[in-house]
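Here's the structure we're looking at; comments come further down.
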Amino acid sequence: MIKKKIDTNKKVLMSGNIAIAQAAIEAGCRFYAGYPITPQNEIPNYMSGKMPQAGGVFIQAESEIAAINMLFGASAAGARAMTTSSSPGISLKQEGISYLAGARLGCVVVNVMRGGPGLGNIAPAQSDYFQATKGGGHGDYHTIVLAPSSVQEAYDLTKLAFDLADKYRTPVIILADGMIGQMMEPVQATGYRLQATGYKKAWALTGAKGRRPNIVRSFFLKEGILEEHNKLLQKEYQKIKQEVNNYENYLTEDANILIVSYGSMARIAKDSVNYMRKQGARVGLFRPISLWPFPEKALEELSIKSNAILVVEMSAGQMVEDVQRIVKSSAPVYFYGRMGGGIPSQEEISEEIKKILNAYSQKK
Amino acid sequence: MIKKKIDTNKKVLMSGNIAIAQAAIEAGCRFYAGYPITPQNEIPNYMSGKMPQAGGVFIQAESEIAAINMLFGASAAGARAMTTSSSPGISLKQEGISYLAGARLGCVVVNVMRGGPGLGNIAPAQSDYFQATKGGGHGDYHTIVLAPSSVQEAYDLTKLAFDLADKYRTPVIILADGMIGQMMEPVQATGYRLQATGYKKAWALTGAKGRRPNIVRSFFLKEGILEEHNKLLQKEYQKIKQEVNNYENYLTEDANILIVSYGSMARIAKDSVNYMRKQGARVGLFRPISLWPFPEKALEELSIKSNAILVVEMSAGQMVEDVQRIVKSSAPVYFYGRMGGGIPSQEEISEEIKKILNAYSQKK
Amino acid sequence: MDKRGDGQGISFGKDKMTEQIIIAGSGGQGIMAMARILANAAMLEDKFVTWLPCYGAEVRGGSAYCMVKISDREIASPYINLADTVVALNKPSLDRFIKRVKPRGTLFVNTSLVDKKPKKSDCKIIGEDFSDIASDIGNVQCTNMVALGALVKSSSIVGRDSLEKSLREAFKDENVFLLNEKAIKYAMKLVKVRKRKS
Amino acid sequence: MDKRGDGQGISFGKDKMTEQIIIAGSGGQGIMAMARILANAAMLEDKFVTWLPCYGAEVRGGSAYCMVKISDREIASPYINLADTVVALNKPSLDRFIKRVKPRGTLFVNTSLVDKKPKKSDCKIIGEDFSDIASDIGNVQCTNMVALGALVKSSSIVGRDSLEKSLREAFKDENVFLLNEKAIKYAMKLVKVRKRKS
Amino acid sequence: MNKIFSYPKSLSKNETHYCAGCGHGIAHRLVAEVIDELGIQGRAIAVCPVGCAVVAYDYWDIDCSEAAHGRATAVATGIKRMRPGNIVFTYQGDGDLASIGLAETIFTANRGENITVVFINNAVYGMTGGQMAPTTVMHQKTSTTPAGRGANFEGHPLKVSEMLAMLPATKYIARTALFSPAEVLKTKSALITAFKNQIEGIGFSLVEILSMCPTYWQLTPEKSAKWIREEMVKAFPLGRIK
Amino acid sequence: MNKIFSYPKSLSKNETHYCAGCGHGIAHRLVAEVIDELGIQGRAIAVCPVGCAVVAYDYWDIDCSEAAHGRATAVATGIKRMRPGNIVFTYQGDGDLASIGLAETIFTANRGENITVVFINNAVYGMTGGQMAPTTVMHQKTSTTPAGRGANFEGHPLKVSEMLAMLPATKYIARTALFSPAEVLKTKSALITAFKNQIEGIGFSLVEILSMCPTYWQLTPEKSAKWIREEMVKAFPLGRIK
Amino acid sequence: MSQKKSSPKIRIDKDRCKACGLCIMYCPKGLLQLSQDLNKRGVHSAEFKKIKGVECVACSFCAIICPDVCIEVSK
Amino acid sequence: MSQKKSSPKIRIDKDRCKACGLCIMYCPKGLLQLSQDLNKRGVHSAEFKKIKGVECVACSFCAIICPDVCIEVSK
């Protein structure tokens, strides 16, 4: 296995897509299967050259479906495995993801979201939140969902994703959007992580020599067994809910207007916070990083001291439903979104905040 | 076209699957494509014989994906079209459904849900609520979702589904579960509906003779156009939200404990209401029939006069999130669910209600 | 008959009659057909009915069962927790459903495929060699009809006319119809005979 | 430079320098490479940078553009609404982005592909026949480098050393490097000359 | 007395859920015999299909993976690439391998993955109730071809093995049957070749086995055996294809 | 002076977004010419692919449908069955038709749907940036075969047309190319046959067209034309296949 | 005659048997039949039929064709 | 000489042209070339090159191979 030494002192200008690919290899990913689709083509292109060099496998699969099912095999064999795609391709993987979840196989699935529905376009979007967090596939399963908002974070979260996938034996979705995938920023690489192999996988398929056969399955026909299996899954989900709660608070301590936003959208929202602060408004930003589990407690606490909450998404309003559910009647929840690849400007968001502020001052 | 006269006076004992198939033909469905999967095999089996007789087309597709995309074509050509499957097969159709929604093509998709995730089992379940109502596919789209709770209703809603699909140019999902699909009950057929062809489809592909070409598409690359298209979709969704709001209230007028349940689960919940009423408890049942749009207003109103709400599902808790979102802080929302094909008995549900009642009486 | 007021299948307020039957056996024993003929006969008598099947491994092997509810008024849940009547056509079905016969209910057992007649003090047990009888009549496949005959005879859930009508609707082929009818009739006689004996 | 306090790219409280540049053209004009070399040069100077591309029809034809932010401190959004500098390498790009130059900003126009020099009173307009110049140097493909030379020369967003270093990192092939360097240098000279003239 | 025919070691003692006369039982036993004879029980990994043989893992005493319907070869690819030292095979029905999974089958073969494929062609979808399979022969009546295949534009039986034989990367393709003891033995030797190829690193090998489904052919087991011999082989000629 | 070569009526005046020298432009024009000559502009329905030709509907003045990537023949099946009087054709790239859509392609052909398929084989995925296609030839370098196809177990170029020719229900399968005016004309006559077959109810017809992708072959248009003539035809021999 | 080996034998696991009849069909000596009794499964399992003068030749055909691995053969 | 037909002619839509050069490659008479000027697209489009004594034969090769349908041919 050839490993080029990674200079962990030097920042490199790279795109989110490349950051994800490089991080995967450094995290010990040794199986990659994918099918080209914009805006994430840089990942398979990069992997086709680098995976063989890293002693791993690159397969350009015949379809997204083949890719996710190859991951099923690679993961069943105990390997760290990744596939990447964008919205339509991710829709095709839903059956496979449900199988991986059902069979308790970890893997990393990257969705570099684009405008939908259907073929849509290739502009950045955040309209697959529901699919990722509620489970676009069938059955009672969840996958961990992590949403980076910078290239560095795309790199860091990809590494984290492999650990979580092994720890909890679940698919982990990196929910990036076209903006994160395509944009370049300086990245500080952290080098190879050899604890990658630190997870014992006694259940993995290695040949039954000297032990009872291992079976990887999600099918439990006998009455009651599937329910038991589901209880096990739910218990694991409860554990994940307790342990995975990533978010960023930006100027929220004294904020009475709270913006909730994730991914690249949160970057623009941050600009708006900065701008509104200059205008003297006490605006803050809550940025969930783990979208599932959603950092409910943290938001709940902030919501109590907020006069109003503005959810901003590059979608028709998806995460806003979770926010409403969590916030309950603590604060009114407003929404501003752009769809189909439209990117709101800082000004648009600030305008929404001003509207809310006006409504409040009028009330007084 | 041979049409056997349907005796609309005589009840016939039939399964939900057959009721759906027969209703589709009577509603003017002339294109059926599907791929076998338990527990809905009776539908393709029936259709293979009856569709040709009705002058329609039956195709056993090579896969669920082929089937949904054949529907795309049939619908683009202006026909009423249906496909049916069960959970894993429906997951495979997610890309296609997103395309149909994006291209504004109506069709009927039946999901006779089974236990998941993965291959799961073939017992009845309700664990695809998220997938159906939030959009398991990519992008900001919605499909109308109708959940029958009897065989007669499966028949009636299927007919309604075709009308809604044409009216709003959207896929309509019949979200049945294995119990509805498999059980038999007497059904009163209502006969052929010839207004089936009453929807003018000027946009349909018929050849461009004498007019400008029609294009059926979901792809809008030029900046801003996809967003306009999405706005159009959202406007249509608002219209649907206003116009489609199906639900049943069962003994809710004076109820202070409200059960919320849908589909076959609501049947068992009704037994529990009956039982608890005998015990003197003021329990009622709210049964949403359209799951998307969810009858929000109706539930909101009921929730205000309820002391507690118990959501009962054959899932780990999916609809409950919508209930929480809608009910906000009006009443505490409890949940009881069985997973992986487990079917709760009336007694189990009543037990939950008793627990809630006890908690309340202790509070006093 | 549900006269115990446990609420199953009983509407709030009124106390109408509802019969809850579970028929269980192995994949190939014709459980579903038997239950369907029964349910259809009840429908022909203008009763409310539900017929809820449950298969094992998709279609074959394993144990399959079917829940039938017959009532004078609308039936809420088709699902049966405790049944008035359980028909168990093989051993695994017996083991599984014996505990789901209501107190004072009836349990039919196919003693051909059960080592020993089961014990359960709080319900009536009717044990017959359904499979052997069917074999004797000429086809072990008729086991279900033999059981159906015994069930209808001893419970009069449905009338004989509607049963016959239902049977005709189920078997268009005259020979098949006759064979099945024969099995039912034979069983009806048998149950009477045996009953007298016991 | 953002000195107008509109908040774009400016952190709350402090008023640091942020340069916002949009480079636009058609698919084959090397927009992305040009922007990347620029961004990388800034990174080599330890600046914070973001580089955000936008392609038209997947890769070819249509109009493509790239947004580059260069700042002394962390950059929130990589997205640019109004830019300090817009470089428009063809007509559609000009039409599209002319309205997004900030007051007192700079607009670079490739006059080779534009009928008439545009009018906009509130910003500086630098129009050069970038394509023709590139053609003259020997390769119309170098249009982007000619524009880059002009941009760096007239704005000094990045130093020449870092630009050269960045160029080296971009073009490993010596000949390709030399051709591109030549284009940049030529443009740098040119802008000076023309400036004097005007 | 010596046992000359006894229960294979790699076959679990569980009774199968298959119908009487179903070919799956024979094929399972053959696979187990071959595993025993090649001494690979400790390193064999099976990928089971979705089809009547879905719980084949209950019948073999080796490591097994499930696969989504049709995707067994994709799953096998993932396993084999990560565990090249193991002997990885798929066991798939005709619906699984030749309908929903056709693309995966062809591409896995075309990549020349060094795996073994056991392909059970019983001309119907057994598990879901006897619908038409891609391999259903002309005029055969099934649950979804009530008037016989061909009456409703269903096309012709698909000869997947012949298609795969066209691919340069496939190394061994044979079609055998289970309708008689002699054919069962031929099937076994074909399987031995197909597994040996993998052990020796030769590459993609597939054995297509014509197998009885008495239930959905609506024939007795005996008549089913005859139907393969007399009818099915016309559409699917036996022998080594490549 | 009479115009002997002019702009086809069924071709819209829009300029295409294709790269210089891209074969799609020629193929589009040929399709339009054939539609004009057969007088079917008023009843033709195109199903456009996902690939560089995704917006072919902007270039033809006829009714058109989009199709999800790879599913054009399934969409065409739905249209044709509901509109048997229309002339329905798909236009698909090699990624679309032969990779993700392979199963749909084979099954549509096997059912013998009476449609016409125009198959653009340019040996790469154009739209997504020049990745390997199933038709990429041995040793060809692409974005995902940086060391040339074959160096990393990618298998061999897939001859879909030959596979389809095996199916009894396919009526006409031909492979042509666009590398010279003469080949362009041959392509046109193949297309005429393929469309006529549909008009006459003969059945499934397909024309595979070897087409230049100068951008991702990283060759000039001229060299691209030469590369087809000299290299690509070795893997994909021209002529009528069936 | 002293060289005559002991009778070859088969052993049928009756409760496993599904009565498919394939062994019966293929026994070259006609030595197998369905029994009168029902087994645990409720079917008439296969059984060895003793016919005078006809010996089981241990050809294993019955075992080879049996889908349920009910038959063991010894020699 | 009176029978000599008028010169066949081609017309190139220069602004459509992408300068792929395929028409140039295939003109049997060598009558096409890239122009010096840039067109609207910024490329040096194809143009007819007048060569003394060499006539366009209206073979249409240039038009047939042109991917952008830039060329009309008349006779």
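For clarity, chains are labelled A, B, C, D, E, F, G and H in written order, and residue numbers in each chain start from 1.
Going forward, a residue touches a chain if its C-beta (ideal position, glycine included) is under 8 Å from a C-beta of that chain, and two chains touch if they have at least 3 such contacts.
Just so it is clear, the model here is predicted, and its values are computed rather than measured.
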item	value
Starting at chain A, fewest touch steps before arriving at chain G	2
Centroid comparison with chain C (C-alpha atoms), farthest chain	H
Distance from the mean Cα position of chain C to that of chain B, given in whole angstrom	33
Chain centre separation in whole Å, for chain E relative to chain B (CA means)	38
Separation of chain D from chain E, taking each centre as the mean of its C-alpha atoms, in whole Å	62
Chain C and chain H: spacing of chain centres that average the CA atoms, whole Å	88
Shared interface positions of chain B, touching two or more other chains	38, 59, 62-63, 65, 88, 95, 99, 103, 118-119, 122-123, 217-219, 221
Multi-chain contact residues (two or more partners), chain G	43
Where chain E touches two or more other chains, by residue	16, 18-19, 54-55, 66, 68, 99-100, 102-103, 107, 111, 127-129, 134, 153-154
Parts of chain A lying in touch with chain E, wherever the complex brings them together	30-31, 33, 57, 59, 61-63, 65-67, 69-79, 81, 95-96, 99, 103, 205-210, 213-219, 221
Contacting residues of chain D [partner chain A, same complex]	5-13, 36, 39-40, 43, 48-55, 58, 76-79, 81
Residues on chain A engaged by chain D in the complex (per definition of touch)	11, 13, 38-39, 122-123, 179, 182-186, 251, 264, 267-268, 270-278, 343, 345-347, 350
Chain G residues touching chain E - in the complex, by the definition given at the top	6, 8-9, 16, 18-22, 25-26, 43, 58-61, 63-69, 71-75
Parts of chain F lying in touch with chain E, wherever the complex brings them together	99-100, 102-103, 106-107, 110-113, 134, 153-156, 158-159, 162-163, 166-169
